[in-house]
Structures are given as C-alpha cells and as structure tokens.
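What follows is a pair of complexes built around chain A, which joins chain B in one and chain C in the other.
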Partner chain A sequence: MEIRQISLENYRQFRNQKIIFKNCVGNNIHIVIGTNGAGKTNLLNGINWCLYNDEPHLGINSKALPIVNLFTLEETDIGSNCNVCVEICCKTDQGLFTFKRQSLFRKSENNNQVFNINTDFSVITQFENQGTKFYQDDDAQKWLNNFVPLSIREYFFFDGERLDNYFIKETGSKIKDSIFEISQIKLLSNVRYKLDNVIKDLLKEETKNKPDIDEKRKDYEDTQELISDYSFELSEIRDQISKSQQIITECNEYLRGMPDVEVLEANRESLIQKSGKIKNKLLSKKDDYSSFNKDAVIQINSYPGISFTINLIDELHENGKLPPNIDKNFLENMVLSEKCEICGNKLSLSSKSRIFELIEKIKLSSTVSHGLMEIRPSLRNISSSIKDFKNNLRKLSSEMEEIEKERDENQRSIDEINQTLEGFKDKEKIVQKHKDRGLHEQMKEDNLRREGVIQNALEEAKKELKKKKKELDAAINTSGHIEKATMQRIFAENTREVAANIERKLLDEVREKIENTTDKIFKDLVWKKNTFKNVKLSNDYSLSLIHVDGYECLGSCGAAERALFALSLTLAIHKESGFSSPLIIDTPIARISGKNRENFSRVLGEVSVNKQIFLFLTHDEYSSSVNQILNPILCSKHFLISTNNEKETLIEKE
Partner chain B sequence: MSEPNIIYIEKADRKIIDELKDSGFLLLSNSTNNQIFLIALSIGFRDDIQIPLDSKESFTRVEYLSDIEKTVIYSCAIKHFGTSNILDDKSKIFEYAQESAHYGFGVLANYINHGSIELTQSELIRDLINRYDQVYSEY
Partner chain C sequence: MSINPRIFKAINDVEVQNSRLKKLLIELLKYETTDPGWYKDKYKELISEYSNEGGKENGN
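For the complex of A and B:
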C-alpha cells in the first residue's frame, strides 16, 4: 500500500497544495525539506487530521491559530463559511482509494475565530472492474482500520523524537496493547466478554425463585468481582513496576562508571572543612614548635652562663657566703611581737638574740648576694627545662609530622574526588539520575511488596471462587435433573475457556514473532555488527537490548542506535501486523549527530526497498553527507517554501 | 649608681628586627621584643663577640623583663665577666647585653638574607642539637 497523493485545501498554512508521489522501482523513499516553521510537522498533522480527526503534533504557535488557512479566513466574510479539506490518495494492488476529511467552518464575529459546523469523513475506492465507490461512517472507518488503525498509528506516522525517547516513554503495557491490536484478537476477547455476560444471565435464570441458591450465586459473583478488581490492581502495579524498572535500567546504564556526584560533593565539602581544621591545628603546632625553638636558642646558647652561675651560687652557698633564704621583715616582726611565727610560743632571750644575729647578717649581705638569690629559682627552671630539650623537640616534631601526614592524606582525598568529578560535565544530570534511580528503586520495592500482597489475595480469592463454584453447582444440581439453562451455561463456560486459551496463545505467538523480527531487523541494519547479542521482549512486554557481554545496554547506546532499535521494533510491528502502510517520520535524524546521521540515513534507504518511506527533513538534517547517501535513491524531493509572512506554504517539487 | 631602666639597640638593628618579623623566620612575628633581643644576645654570648653601639635607640624597659629574661642576661654577664660582682654594676651588664645583641642581630640578618628560610631554620635546629650535646656534656 502506497500513498500517491496528498491534497490540502485551507488546512493551516497549506492553502491549496498538492503533492504527488510517483511510482518507484527499487527504493521507495520520498523526502520533504523545509526550514523550521515551514510546515513539515503540520503536514504530518494534516495526515493525522484527515485520517483520525486530530493533530497530535501541534506546536504551541499552531495551537493558538485556527485550523483554517489565515489568508482564506481573512478573505471570508464574518458569518460566512469556509471549507477545510485534506485528501490522501493511496494505491493498493486492487486499485486506488482515497481518504477524505472535509470540515466546514463559520467565521465568527471575533476576528479569526471559527467554529466547526460539520465534518465528513469518507473513503472513495476506484478498483478495477468495480468502478468508483463511496463510503462513509462505519464503512469508511473499516477502510481506515485496514489502512492503519488509530491504536497503532503512532508506529506509522510519527515525530523523530519518538525514535529518540521511545524506550523512555513506552511501557510494557503499551507495547502489549499494540501487540493485542496487531494480533487481531479483539474478536476473541469480545467473545469472551459476551460469554461472561451470557453466563451471568444464565446463572441468574437457574437460581430464579430459589432464594438459598440465589444467595450463593450472588456470593459467587461478588468473589468474581473481587478477583477482577484484584487483577486490575495487579496489572496496574505490574505496569508501575515495569516503568520503574525501565527507569532504573536507564539510570543504571547512564550511570555506569559514573560516580554518585551528590555523595562525592558532600564528601568533598566535609574534607574541605576538615582541611581547614587541620590547617589551624598545624598552624598552632608550628607556633608551639617555633616558640619552643626560640626558647631553646636562648637557653642553649646561654647555657654555659646558666650553668656557670648555678655552680657559682652553689659554691658561695656551701662556703656560707650567701645569706640564708629568709625574709628580713618576717624576722623583724617576730622580734617585735616576741612570739615565734612558726610554733606560736613566746620567744626566749636566746632565741631573740639568735634572730638579731640573723637580721644583722642579712643587713650586711651585698646586692650581689640578693641578685644571685633572686635569679636562683629561674636558673633552676631553665636548667631543668633544657634537660628535656631533645625529647621535647622529638615529641613536637613527630606531632607536627602526624598533622602534616593527616593534611596530605586529606588533600589526596580531595584531589581524587576532584579528579573523579572533573571528567563529568553534566553533574546536575548525574545527580538527577541518582535521585530518579533512588526514587524508582523505592517505588519498585513498595510495588513489589504490594504485588505480593495482592497476588496472595488474588490466589486466595481464586480458591474461594472455585469452592463457591462447586457449592453453587452442587446446589443447582440437587434437584436431580439438569435444566436447559444449566446446560447452556456449562457450554458457555467451556467456550469461554477455549477462547481465553486461544487468546493467550495468539498473544504469545505474536510477542515471540515481534521479538524475533525486531532482532533480525536490528541486526541487519545496525552498523556495529559485533556489539549486540540479541533483542528481548520479555513476558511483561518490556524490551531490552543485550550486549555481546551479556548485559542490558539500551541505556548506554548512542542516540542513533536507540533510534535504530525503536525503528526496528516499529518495522517489526509493521511486518507482523500485516499493515503494509507507509512510514512517515518528521525530522528523523535531527537528534542524531556526526557519522551516525549517515549510518541512519543509509538504514532508512535500505528499509525503503520494501516499504514506502516519507522523511520530513530540515535543511540542516539534509546535509551534504546525507544528501550523498539519499539523493541517488530518492523517488521524489519536495520543498516547503514559506511565503506571505509565513502565513502560507507552497510545496514545490525539485 | 643609678640603675638603668631602658635597654637600647643600634638604630640600624630596628630594620633587621622588622625584616626578621616579616621573614617568617622562627615565627618571630609572634614574639615579644624582649624575646628577639634575648635571641640576639644569646648569639653574641655564644660567639663571645660584642660590638659597641654607634647610634642607639631605646628598645624596651628593664622593668618589662621577666624573671627568666633577667636571669639569662645576668648569668651571661656573670660568665662573661667571670664574677658575680658584676651584679653590682647593672649599667655594665646591660651595656654588655646591648653590645652582644648588636652582634647577634647581624648574625640573624645573615640567616634570613642567605638561602631559604626553611633551610636556614632546619640548619639552625641541627646546629642547636649539636650545640646542646656539646654544652650539656661540657657543663
């Protein structure tokens, strides 16, 4: 199935434009080039609007504007109508069919405001031997569902950003929904749902007018409802777990080999604070050391003098040339009071005369003796402190060395952290990733606990349901003969079981097929042939890419490889869904840089051999190297040219 | 005889003292003037060299000297003059102290003007240990 023509009438900046895509042999690749704001994304919106009546990629500027072309609107009188129409003409083996959406808008009194009067969606087929046929409403919808159903359109028409962040946004359950849609098992699940209701009705009929049994039936149905609630809750929890796991994996991949910046910064801060304290400690110790050395210089240099004077005093003392060490006033007071100041007794005459002798001796002593007596205690102090000079010097030196060692070790730790942090420019992002990971690890843990609790409750409820079912069946069968309603119910129950089994098998089959096809496509297209081992689509539908060394590596892949992986899944879904509709990507390589732009362009070229591809590119994306790869295989190249103050865009073919 | 109450230094030594304080040598910036004077005096005593002051300026007051500081000055003078009777002539003691210090300031100036302070300090400590061994065994 191929798109052959797109016509846009009064749709946003396209006043009356038509693009024709010719039939191609070999590569089926078409590009539309335009500057930012020229209308590439609105062309994609136009296709979505025509098919699904919405504009999922509308930018902020466009959101503020009416859907009707501004020039047309200006030319329309207030109260008059204007028509917006987009047509997409496709070609299949049977012939041509065209999707057409047409909306009538009326211009209101508020300038540039319009309101929708009515919208028609139709499909026109022009098949060989069948002439032209016209379909509307449900019939038109059926044609659309055969082209690309709404539920999987995001695999066909999308913004390149989707390729970039696909694995961040998409959860297992979303992929599961797509697989559910692709498996086309809606019919089976509808059957199952309808049978559930039939069984309920039949049970009601069986227990009618039997209050005891009816009580049991209600009890049974309550348990069924409880199981359904538990199952829903369980699926929500699992979804959340899967999402958390995805974010944890992505963070792990991003943070592989990266430090916990926040912890390192905190450590660094505390080491710097410690460094300040050590510095002060060292300064104070150095002060002690200097002070000790200053005293030592004085004491050691003057030691011959100190020692000489000590010996001199000792000698004078020994020869009795120095007065006794007594306070003269103390003696005089004793004589005056006639009382011994030591024992308190009255002084005898002989004692008095002895004291007088002493006072006389002191009077006679020279200033020399006094001077010597005055410095004697200090001399002893200096002499004794000098004795320990070496020990004290050693002690102070080793204390200083210890502090210096501590300072050096602390500095080394700071340097190591600085060195570790230096290589990482995006520190904020690393911190955020650590936070996200921590948050999701906690959420995952909480949800796993909840999952266990609900799972247990569900198992218990299922056992209870079985028991209640037995009791209900037994109560219904007590009458002896089986009624018609019972027979019908048993048949419906069996049928429901078969439908459920088929549904499960089909889902598993499609999941497996998509896994294998994604793996094959990715390996065929990837330019690093020896890096990746395989693609995995697990039972919970979460996708992973395994490195040849065995670890999950999606998070550590470059933007181009991630986009290729998303593209591979997209193409696998295309293939397995059986929808051969074209692939339209807006700005597919804008987020890819350098050599990988060429790699990715080459891949798109390869894909276009089997699939019609439309690429909406900026001039920057369509660089000379990309041009060299795509130009030789292009089917068509169109340019979007903005005119009239960007109110209108013309589409020109090269 | 009146006792002196001022200690003088050679005018030019003031500059050396300032340089010593600025140099970081033995962290002299944290020392009192008395301490610096005694270091210089002890060097003059060690080498037994005194240089008379040409042009003196007051440096500190005698009353500001601690007992230990006085003891160092007196005992150096006693040893130099070989008698304790010198204590009777304080002027002579302080003259001796001032002239010894004047020489000592010159030595200290040499310390800080030749080579790195750290090396000079290490040398000083090594020298101090040797001298300690020597004087302690001698006296």
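For the complex of A and C:
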C-alpha cells in the first residue's frame, strides 16, 4: 500500500497544493524539504486531519490560527462559507483508493474566526473491473481501519522527536496496549469480560428461589468482586510504578551530567557559614600571635637580668651560701645568753669563739636566702620560655597557616560550586527535576511494597474463590440433576476459560514476535555491529537493549542509537500488525548529529527498499553528507516555499 | 472489522474436549467485531444454542 498523491485545499498554509509521488522501483523514499515554519509539520497534521479528524502535532502558532487558509479567509465575506479539503490517494494491488475529508466553515463577524458547519469523511475506490465506488460513514471507516487504524497510527505518522524520546515517553503499558490492538486481543478480552457478566446472570437464575444456595452464590460473587478490586488496584499500582519509572528515566536523561543544584546550593550555604567561622578563628589566632609577641618582647628585654640572677643564686648555692644551713639569730641568741640552746650547758670561750666565726660567715639573712631559693625555679621557667620563644612562635605561625589553608580551601570549594552553578542557566528546572526524581523514586518504592501486599491478598482471594466455587457447585448439584441453566453456565464458564487461555497465548506470541523482529531489524541496521547482544521485551512489556557484556545499555546509548532502536520497534510493529502502510517522519534526524546522521540516513534508505518512506526535512538536516547518501536513491524531492509573509506555502517538485 | 487470522489459528490450535466451545467463541468474536451495545441477550442466545447440543456433557 503506497501513497501516490496528497491534495490540500485551504488547509492552513496550503491554499491549493498537490504532491504527486511517483511509482518507484527499488528504494521507495520521498523527501519534502522546508525551513522551520514552512509547513512540514502541518503537512503531517494535514494527513492526520484527513484520516482521523485531528491535528496531533500543532505548534503554539498554528493553534492560534484557524484551520482555514488565511488568504482564503480574507477573501471570504462575513457570513459566507469556505471549504477545507485534504485528499490522500493510495495505491494497492487492487487499484486506487482515496481518503477525503472535507469541512465547511462559515466566517463569523469576529474577524478571522470560523465555525464548522459540517465535516464529511469518505473513501473513493477505483478498482479494476469494479469502476468507481464511494463509501461514507462506517464503510469509509472500515477502509481506514484497513489502512492504519487510529489506535496504532502513532507508529506510522510521527514527529522525529518521537524517535529520540520514544523510550522516555513510552511505557511498558503503552507497548502492551499497542500489542493488544495489533493482535486484536482486545476482542478476546471483551468476550471474556462479557461472558463473566452473562455467567453471573445465569448463576442468579440457577439459585433463584433457593435461599441457601443463593447465599453461597452471593458469597462467591463477593469474593469475585474482591478479586476484581484487587486486580484493579494492582493494575493501578503497576501503572503508577510504570509512570514513576518513566519520570525517573526522563529526569535521569535530563540530569545526565548535571549536578544536584539544590544540594550544591545547600553545600555552598554551609561553606559560606564555615567561611565566617574560619575568619573568626583566624582573627583570634592573630590576636594570640600578637599578644605572644608583646609578652615575648618584655621577657626578651628582662632576659639579661633574669639570667644574671639565676647565675648568682646558682653561684651562692654552689658555694654553700644558699640555702643557709645555720640560723644566724639562733647563734646570736646563744652568744648573748652564753648558754647552749641545744644542751643547756654554759658556753666555753672556745665555743663562743667558734660561734662568732660562724656568725661572721653568715652574711645574708635567712629570709633573703629562702626568697632567692623560692624564685629560682620561676626564673628558670621564664628563662626557658624565652629560650623556647622561637619554637612557640613557629607553632603559632604554623597554626595560623593551617587556618589560612582551611580558609583558602573553603573559598575554592565555594568558587567551584559558583562556577558549576553558573554553567546551568535553568537552575529551577534542574532543582525541580531532582525533586521529581526523588519523589518518584520514593513513590516507586512505596508502590512496589504495596504491589507485593496486594498481590499476596489477590492470591489468597483466588484460593478462597476456588473453595467457594466448589461449595457453590456442590450445593447446586446436590440433587444430582443438572438443570438447563446450570449446563449453560458451565458451558459459558468453559468458553471463558478457553478465551482466557488463547488471550494469554496470543499475548505471549505477539510479544515474542515483536521482540525477535525488533532484535533482527536493529541488528541488521545498527552500524556498531559488535556492541549490542540482543533486544528484550519483558513480560511487563518494558524494552531493554542488552550490551554484549550483558548489561542493560539503552540509557547510555546516544540519540542516534536510541532513534534506531525506536525505529526498529516501529518497523517490527508494522510487520507484526500486518499493516504495510507507509512510514511518515517529520524531522527524523534533527536530533542526531555528526557521523550518526549519515548512519541513520543510510538506515532509512535501507528500510525504504521494503517500505514507502516519507521524510520531512529541514535544509539543515538535508546536509551535503545526507544529500550524498539519499539523493541517489530518492524517488521524489519536493520543496516547501513560504510566500506572502509566510501565510502561504507552495509545494514545488525538484 | 475482520478477525485477525492469528486468532482463528489460536482457537483452532487449542485442545478442548468439546469443539462447540470453539464454535461459540468464534461466534462471540464475530459478534464483537460489530461493536455491539447491549450484548447479554445475544450472548445468552448463542450460549443456549451451542450448549444445547449433546446434553449433560456439554462443555466439560
């Protein structure tokens, strides 16, 4: 299935434009080049509007404008109508079919405001031997569902940013939903759900007018409801876990290589406070240093006197004059009384003469002698401290140096933080992202705990349900006669069981196929052939890319590899869904730079061998290196030319 | 909307003692593709229709 022509009439900046895409052999790749604002995204919106009656990629500027082309609107009288129409003509093996959406708008008195009068969606087929046929409403919808159903259109027509952010924005549940849609498992789920309700009705009929059994039925249904509540709660919790994980991944992506600004600012605050304390400590140490110097000057000046005194005392001491071992007064008293104070005998002349000699020798008084002996240790201490002056001064200087070093290091840390913070202009956003991440990490942890609790409760309730079902069946079958209603109910229960088994089997099958196909496509296309081991789509439908060394490496991949991974999944979904519709990507390589832009362009070229691809590129994206790769294999190249103050865009073929 | 052939294949592949279970399931799926609103009467009608053939052993 290929798109052959797109016609736009009065749709936004396309007043009356048509693009024809010729039939191609080999690569089926078409590019549309335009500057920003020329209308690439609105071309994508036009396709979406034609098929699904919405414009999912509207920018702020377009949102503010009416869907009707501004020139057409100017030329339309107030109260008159104008028509907006987009047609997409496709080719299949059977022939051509065209999707056409046409809306009639009326211009209101309020300048440039329009209101929709009606919208028609139709499909026109031109198949061989069948002539032209026209379908509307549900019949037209059926054609659309065979082209690309709304539920999976985002895998076919999308903004290139989607490729870059795919694994951040998407969650396992989203991929699971897509698989549900693709494999029509939803149909089976609906049948199962509805059978459940019918079975309840049948059970009620069986137990009608049998109060004892009816009581057991109610009991059984209460447990069923409890299980349903637990299952719902579990699904909500898992959804929240998935959302938290999504936000955590998004924050991790945003904050990669960025600091925690809030922590840094708190650190800076604490360093600034520390800086004040260090300053005070340094001032106090400087005071100590200054008083030490002052004291030292006095001591140094007194050193000669002190030294002399110590020497004198030492000399007297060495000569036995200090301390005096005889009390002079004691001797003088003995001479005066002529009597020995110790034995009481009268002193002889020779004794008196001997005492006079002793008195002569003791020239210093005992008081002075004792005084001198007492101050000697203090004088020695002072002398010693004067001798230690240099050491003490060095010690104080060294302490001051340590404090200064601490001050400088502290200031350096503050400067480093300031420098780091200056590098990030959007500090508030960084802080918010850190907060969000912290909050969701906590929420995820709480929910994982809750999940375990509810899961246990659910298992218990399921056991209880089985028990109650046995009791109920036994009570119903007590008569040994199986009534018609019972037979029908058992039949319905068994059918429901078969539906549930098939649902599980299909879900596993499709998951496995998408996993294998994504793995194969990715390995075929990736330029780093020896880096990745395999792709994994887990039971909870979260995607991982495994490095050859065995670890999950999607988070550390570059934008180009992530985009390729997303493209591989998209193509796998195309293949497994059975829809061979074209792939349309707006700005596919805008977020990829350097060599990888060339690699990715080459990949798109390879993919275009089996699939029609449309790329809407800016001039910047279509660089000379990309041109070298794509130009030789291009089927068509169109340019969007903005005219009339960018109110109108012309589409020109090269 | 037509039913994905994969579903038909899965129903065919599943082993059940009573093949009417599969037939009922296919009928219910076909009915679902018509996007019905009120379904209970139709479901009961189909269950009754398919369970009535074969007496007591139905669906077991």
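The rule is short, and it goes like this: the second predicted complex is superposed on the first by the 451 of 654 C-alpha atoms of A that agree within 3 Å, B and C clash if a C-alpha of one lies under 4 Å from a C-alpha of the other, contacts with A are read in each partner's own complex, and residues count from 1 in each chain.
The definition used in the following text is that contacts are C-beta pairs under 8 Å (C-beta built on N, C-alpha and C of every residue); 3 or more make two chains touch, one makes a residue touch a chain.
Just so it is clear, the structure is predicted and the values come from calculations on it, not from any experiment.
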| said: Looking at A:S307, would you say it contacts chain B, chain C, both, or neither? Reply first, second, both or neither. | reply: first
| request: Tell me which partner A:I633 touches in the superposition: chain B (first), chain C (second), both or neither. | output: neither
| said: Contacts for A:L379 in the overlay, against chain B (first) and chain C (second): which applies, first, second, both or neither? | reply: first
| request: In the overlay, answer first, second, both or neither for which of chain B and chain C A:V297 touches. | output: first
| task | For A:L650, decide between first (touching chain B), second (touching chain C), both and neither. | result | neither
| note | Residue positions on chain C within touch of chain A in the complex are 1, 3-4, 6-7, 10-11, 14, 16, 18, 20-22, 24-25, 28-29, 32-33, 39-40, 43-44, 47-48, 50-51, 55-56, 58-60
| request: Please give the residue numbers of chain A that touch chain C in the complex, ascending. | output: 142, 145, 183-184, 187-188, 190-191, 194-195, 197-198, 201-202, 482, 487-488, 490-495, 498-499, 501-502, 505-506, 509-510, 578
| said: Taking the touch rule as given, give the residues of chain B at its contact with chain A in the complex, in rising order. | reply: 26-28, 30-31, 35, 38-39, 41-43, 45-46, 67-68, 70-72, 74-80, 84-85, 87-88, 121, 124-125, 128-129, 131-132, 135-136, 138-139
| remark: Touching chain B in the complex, chain A uses residues 286-287, 290-291, 293-294, 296-309, 312-313, 316, 366-368, 371-372, 374-375, 377-379, 381-382, 386, 389-390, 393
